[in-house]
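I have a structure here, written as structure tokens, and I will follow up with some questions on it.
Order of writing sets the chain letters: A, B and C. Residues in each chain are counted from 1.
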Amino acid sequence: MTEKMTSPKIVGERIKEYLKEGKRFDGRKPEEFREIKIETGVSQNAEGSARVKVGKTEILVGIKMNVGEPYPDSPESGNIIVTAELLPLSSPRYEPGPPKFPAIELGRVLDRAIRESKFIDLKKLCIKKGEKVWTIFIDVYSINDDGNLLDAANIGIVAALKTARIPKYDEKEDKVLFGELTNKKIPLSKEIPLSITAHKIGDNFIIDPTKEEEDLSETRITVGSTGEHICSLQKGEIAPIEIKELYEVLDLVEKTYKNIFKKIEKFLK
Amino acid sequence: MSERKVITPGEVIVSGNDYLPGDGTEKRGEDIVALKYGLAEEVNKLIRVIPLSGVYSPRRGNIVIGKVENLLLNGWVIDIGTAEDGFLSITEVPRYVNKNALDEVLNIGDMVVLKIISINKRGIDLTLKQRGLGKIEEGLIVTINPHKVPRVIGREGSMIKMIKEATNCSITVGQNGLVWIKGDKINDEIFAKKAIEFINKKPYLDGLTEAVEKFLKENKNE
Amino acid sequence: MNKEFKRIDGRKLDEIREIKAKVGVIPNADGSAMFQTGKTIAIAAVYGPKKMHPQHSQDPAKATLRCNYNMISFSVKDRIRPGPSRRSTEISKITEWALEPVLILDDFPNMVIDVHINILQADAGTRCAGINAASLALAQAGIPMKKLISSISIGKLDKTLVVDLNKAEEDFEEGEGPTDIPISMTEDGKITHIQLDGKITKEELKKAVEMARKACKKIYEVQKKALKEATK
């Protein structure tokens, strides 16, 4: 199917009508997620990895670690670098080439949720103050895009980080022995950051849209939170929202966070 | 060759000089060899391969559902899911069209039911001059594998008739894999959509009619 | 040939690693497949035939085949910085040359068929796994093909010829070192791709090609099976 053959206007009308009654085509409620499947340890060469499927959307996350110098303004802290790639194989809409805005935004919004929540204890990643710290590379790849890559990717990042193990580091030779993992895990906080994006279609907000629904999104708000605290926010696309709608979204996200967390808890051990 | 069998490119389907190579096959010496992945079928010594997957192959006379992509001076460019553009000329619309107001008849983004009148170097020529063709005002559009369309329609339309009756919807199936559903209630439309998606997911086994009957009965009161 | 040569993982000289192949792994694609040889995993997706942009790149005689091969950052132990490399650009072209001879492209003038290959995990033989996956994905996409293409890498470790090198064998240091010969061919033995780096005599190379022929036949059987099982 060519890219243009998506979400015709008349389907949009139906989706909006149905939403007014609080219903969606696949029988979900507006705040309901599709089925979530998580597999960790799917990559031999990564220090941590996860494959997450949310409905037909599939993403792959890999954690790689390396030792290097800290940034001058944070001599005692390790580093996090989050990169997202929208692979051409995951959708007819993506082309090979340098990352365009959607991939860049995806990486940056995910970065914010992970970084600002202080999920990773960067101070514990310091090996020698001012000289040697661990850098954690979090690489996200889309494998099939059927909407809501962001929320799915966040789940993948958390699962991958939780199950990752730190590789051996030979201090004398200043070499990381890739492939030789210690039993040490990445120092993580107990509060789990999740990104949940609410999309406005007509007068209603929905969570976890399929591609068909995502195409109708007039504006979206991604809330990164740990349940207790909100650590990141991003409003995307054009339509403005009322202040009370923002509060509605925050309530919706709070409720959804609890539901999602219950579903994915067992994968985060 | 009695049954249809799944065949892969390069495989010999049958051997023997009295067989003829049809669509998706090629004769190499005495062998009829498959050039496509699909089901090999024999009808009166003519061997052909029915593809199971892949993009839509347009044919003259096909009813298709497309989306208006562009307005030109003398007609509309319509996307029907093929690589070449579909083109609907003003002369193929069964009503008067003001040359300066093409958008009043069909505008960019509108969904239309059309028929293919010819396929040539320039592209695919479409027409609205037949009953049942025209702009789609409202309803649901479901996208399925174009190769499953014959299964959704059924022999002499029997399958689609069964679904229409059970769901109380009018349904137009485009050979390009787009299906338009229109009912009085949204719930009916969703029911029809689910039935069609059910067929789309099913592999090529027998007993489809019974399976669909069962599905329609079980999901009736939603 | 040294009959007592023991391979690091205990395989026989002509033994291919365990193969897993699955078709239809990416719902959005017109055709897709996963092909795994030992620990090397490749996935391929085909989009097309579709309109080619820009218009001046169109070929009025036939469809253009565009292959794009890339390794993901964590496919190897030493993280690869995202983005194309000279190596991935060369392999993309090699893949096109390996597949095009069997594709019937003149059915689709002015169109393009995009094949995207990503290596999710690398343990040598990645371009071969990519070609095997792409071959399946093209078939599933309904592209008319005269035959499937099967690909394998033959190695020479010092003086011993072996089938399907893994990474540890690629890094072999003793004697004449390793020689790596990736080959792709049709099931009736037409070679569409061959490369070599190392040090080998003409006689040894002929033997290697014979071994590749036998190995590719086995790979072809796996590919056929994956396509037939996808209909269930």
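The definition used in the following text is that a residue touches a chain if its C-beta (ideal position, glycine included) is under 8 Å from a C-beta of that chain, and two chains touch if they have at least 3 such contacts.
What you see is a predicted model; the values in this text were computed from it and never measured.
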Intersection of contact partners for chain B and chain C: A
Far-end chain from chain A, centres as C-alpha averages: B
Contact-richer chain pair (by C-beta pairs counted) among A-C and A-B: A-C
Length of the line joining the C-alpha centres of chain A and chain B, rounded to whole Å: 38
Centre distance in Å when chain A and chain C are each reduced to the mean of their C-alpha atoms: 32
For chain B, residues contacting two or more additional chains: 55
Contacts with two or more other chains, residues of chain A listed in rising order: 2
Set of chain C residues in contact with two or more other chains: 50-51
Parts of chain A lying in touch with chain C, wherever the complex brings them together: 2, 43-46, 49, 56, 58, 60, 62-64, 66, 83, 85, 87-92, 96, 98-99, 137, 139, 141, 143-146, 178-179
Residues of chain C defined as touching chain A within the complex: 26-29, 32, 39, 43-45, 47, 50-51, 68, 70, 72-79, 82-84, 114, 116-118, 120-123
In the complex, chain A residues that touch chain B: 1-2, 4-5, 8-11, 13-14, 17-18, 21, 25
Chain B residues within the chain A interface of the complex: 55, 67, 69, 79, 81, 109-111, 136-141, 143, 177-178, 186, 189-190, 193
Residues of chain C defined as touching chain B within the complex: 24, 30-31, 48-51, 102, 104, 108, 110-111, 139-148, 186-187, 223-224, 227-228, 231-232
